[in-house]
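Let me begin by presenting the structure, written as structure tokens, before commenting on it.
Chain nomenclature is as follows: A, B, C and D, assigned in order of appearance, with residue numbering initiated at 1 for each chain independently.
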Amino acid sequence: MSPELASLLRILAAVGLMLMNGVILIYMLRRVLGRLHQRLGPVHVGPQGLLQTPMDVLKLLTKEDITPTNVDKALYFIAPAAVFTPSLMAYAAIPFSPTWMVTDLDTGLLYTLVVMSLVSMGLLMAGWASANKWSLIGGMRSVGQHIAYEIPLLLSVLPVVMYVGTLNLSSIVEAQSGTWLGILPQWFITNPLFWPAFIIFIVSALIKVNQTPFDMSEAESELVAGFATEYSSMKFGLFFLSEFSNSFIVSALAVTLFFGGWTLPFVPDEVLAPIAPVVFMLKVYVGIFVLMWIRGTLPRVRMDHLMQFAWKILIPAVLTWILVFGFIIKLFDLGRPVG
Amino acid sequence: MWGKGILNGMRITMRNMLRGPITVRYPYERVTLPERARWAVEVVRDESGAHKCTACMTCVRACPDHILDLQFTTAEDKSKHIDYLRYEMGACMMCGLCVEACPFDALKMGQDYELAKLTRDELTVDLLVDVAAAAPARAKKASEVPAGGTDDSRGGGTDG
Amino acid sequence: MRPDVTAVDRALTSFGSKYSVCDAQVGIIVACDQSDALPILQALRDSELDFAMLLDLFGRDVDGKIEITYHLRSYSRDQELYVRCHLDHDGDLHSVWTVYPSALMPERETAELYGLTLSDHPNPKRLLTTDGVPPLLRKSVPIRTVEEVRSR
Amino acid sequence: MTEPHFTVTESGLMTPEGMYIPGEPPKGIRRIPKGVDRLGTEHLIVNMGPQHPSTHGVLHLIVELDGEEVVTVEVSIGFLHRGIEKLAESRRFDHLGTLMDRGDYVSVIHGEQAVALAVEKLMEIEVPAKAAWIRTLTAELTRLASHLVWFGTFGLDTGAMGQFLYAMRDREVLLDILEEISGQRMMFNYVRPGGVVADLPTGIESRILSFCDTFEVYLEEHDALLGGNEIFQARVKGIGVVSKETALAFGLTGANLRASGLGFDVRRDRPYDAYPELEFDIPIGTIGDSWDRYTVRMEEMRQSLRMIRQLVGGMPGGPFTAKVPKVLRPPAGEVYASVESSRGETGIHLFTDGGTTPYRMHYRAASLFTCQLFEEILPGHLFADACMLLGSFDIMLGEVDR
């Protein structure tokens, strides 16, 4: 197999994974939210309602694609793609197992975060091009919140990078294999030194997911449907898919950085090697469940509270913590650079 | 501490999740309606299928929305013949005032709640069509004749 | 509940014979001209009686006139008072919103449903119905009859 | 600031010719200026409603936004106008309840009760003790059901979907109980002049009490879930402050007035039915912000629960309705009867001329007065807060338009 063909296959696999993920996550969201609210969720179509989401996708695909009269046509058509593509690209550097990844980038962490930050551009495009006041407000809000939380998100992963001395995601995972004193898995989450970074990472990553308590750009009780108001058919489906793909990426990043990726403690490597992707996916799905749990519980934050929290609390806190963390690992020589 | 309420809220939602769903899966499961449940108006019929309506027009006058329509003709011997008792279900608010007003208990509020119809016309129901009015219950009581005395065959006796 | 008639008289001394007070079934009623309603309401609000709230405002079509009733309530004294005035059909309803902002929408509604014109009101638009709807609450405007319902 | 110029629609102004006479535009606090600030940026005018998720019905707000800040608001109502007051003139007195059901369609018993009280006052009917107690019981159950709708939608306005569904879960049980008592889930048509339609069904007491037991736990959960949440607290505390003076000037009643610090409750101060015999507290807010309105209503739900227990425990015997003629024919006169509905003081002003139908029935809708306040209170808030404010005031559009 030529290397070109191999990479093409990998990209196709990533696309397939993303689409599959979207469908599964929509079903999961409905069921989990339903259970959280003491109802059932979809149960009619197929066994346990499993076919509900594929049918909905079919419905979206066959629906009439309405283009409102006054929209900025070019931007209106580009926007869904501009939202969808970065979400897809973010899959490239996620290590599902030691060998399963699209590409083993040395700057994998940076790449993923940077690519994900492109999403807000697409949202603004959609909001602006829709020629709808609600959409415009939604688009502006999304840009505001994404810019504000890009900085703490990037800074919050710095302790991990400082600790392991690499931006390569699979190296970060490998650094977490093994156990502390034979009891606890040597994941960063079990090390209290990483807890502040983890909290800041989760808060700022929730913004990326665009769901309650931070669904400012959609805010269905305020802005009707925000940036997606004027979109229908599969264009809307792309926004939807990208949103779910983002929650997968965020959860995958959290698992990679803090929960040891595909590693499991006490399991020998030869046993782990074949089941590594399964372990990884399970961890990611648990993370996504927590995201949905938060979504089903919390009310929405107000926009100005959100911005104040970012600029006045989160960014100073994360900068201070990086400084303190650097001192600590230098003083006690804790860093374990890999490679 | 800031955030305690949020965590408590998460605890409550999880507790509710563990309580399990309370959904009634309607087409497969049905709840039993209470005895007093008021749905569409029906004509009370005894075992033989006879009704008790005497065409006294009380229900028609009682209906706040004027959706009951009763037409009758009076024969020479003063007996009444009901042409139709029409009921516009689509405009009915199921207040039960006609049933309360009826002096002969000839009407009742039904318990069938699946009242959706495919066309508008189906919402206009003829409760009684072309039947002889029952002899007034008062007279019946006096002579102690068992109920269902629609022996008058003038109208053909076909009920709607 | 009912204020003292003499107290009402005391509050309205400056109005001379422009008003009359009667003790009716529903409560104490001050009758006056509609054009005097604004100063009288202001006097009642600012008097010791302290009628701080306009609880309600409504009209009635009676004896060829439109009767406007202002229902006042004083929370500090727990008393209620009615101010009543009569207008001709197509008369001019002077707004009292500067004294009681709560009159804003009821006035619009009353003017619309009795076919009155509304003056001194900041937003004298129709409130409930669209253009061309007759003044519904007048006795001369019939609502649909039984025949109409049946012929549907 | 440049002088704002006005947009006045020419149709619909109530002048003799039925249209706007050119000249000086109407002045006052209700106007829609096209705002232009020093930066030269334009204000955005959005039509919020009549189809908008957080307007709770068919309210239409014309909102002028400066960024996300509300500059002016014009409330436009009338999308649900059915002419209840006119229809009442052609209804018999015992049929007025069916109209009132459609007024405030979430707290239904209160409307029926107001009409019944008005007719009873006119005809001087003595209501049997049992009838009064049953009415009070159903009224308090309805108040709980109505406050649960408010609670749920308030949560929904803040984006928390869970609260809404949990509130509906509890409301379902209430509606089942009320259906068993009255025969329908929402449009009860249960209270009549002189009493109620039917006696309480057997065994309902234990059902109500078991509901009380479970709901007591659930209510505290609700309060912890929404009211205990710091995000929610940050969004409601100090938002939408309605001072006592503003509340009085705009005719606020009920829980909204009490939240502003004025403890007037029709149930206590103009007692009717069984309320004089009950023990209950009236919660009062301090500054009248959204948080006060929230706490006052939550506390009212606890008090309702307390009242329901008393009502079930002390239900007297006797007839459930007074002896009333089949066709009510009150003497000519005028009467005002009011009840404390879930949204404030619901009053019925009844004029009779000795006939079988009212000469004029005026329905004092508490929500109409609350609705006017939006033009005063919303400007200056962020748009997100404006949506929440609508939820905190608990208006019912069926009552606003009548």
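Going forward, a contact is a pair of C-beta atoms (placed from the backbone, for glycine too) under 8 Å apart; a residue touches a chain by one contact, two chains touch by 3 or more.
Because the structure is a prediction, the values reported are computed rather than measured.
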Quiz item: Along touching chains only, what is the step distance from chain A to chain C?
Solution: 2
Practice problem: Select the chain whose centre, defined as the mean of its C-alpha atoms, is least distant from the mean of all protein C-alpha atoms. | Solution: D
Quiz item: Measuring from the mean C-alpha position of chain B to the mean C-alpha position of chain D, what distance in angstrom results?
Solution: 31
Quiz item: Between chain B and chain C, what is the separation of their C-alpha centroids in Å?
Solution: 43
Quiz prompt | Distance from the mean Cα position of chain B to that of chain A, given in whole angstrom | solution = 57
Exercise. Any chance you could list the residues of chain B touching two or more other chains?
Key: 6, 9, 12-13, 16, 22
Self-check item: Sequence positions of chain D contacting 2 or more other chains
Solution: 162, 166, 169, 225-226, 229, 231
Quiz prompt | chain D contact footprint on chain A (complex, rising order) | solution = 33, 36-39, 133-134, 136-137, 212-213, 215, 219-222, 224, 296-305
Practice problem: Going by the contact rule at the top, pick out the chain A residues touching chain B in the complex. | Solution: 34-40, 43, 293-294, 296-298
Self-check item: Contact set on chain D toward chain B in their complex
Solution: 91-92, 94-95, 98-99, 101, 162, 166, 169, 172, 176, 179-184, 187, 189, 197-198, 201, 221, 224-226, 228-231, 233
Quiz item: Which of the residues in chain D end up touching chain A in this complex?
Solution: 44, 46, 52-54, 65, 68, 155-163, 165-166, 169, 225-226, 229, 231-232, 234-235, 382-385, 387
Quiz item: Residues of chain B touching chain D in their complex?
Solution: 2-6, 8-9, 12-13, 15-16, 22, 33-38, 62, 64, 93-97, 100, 109
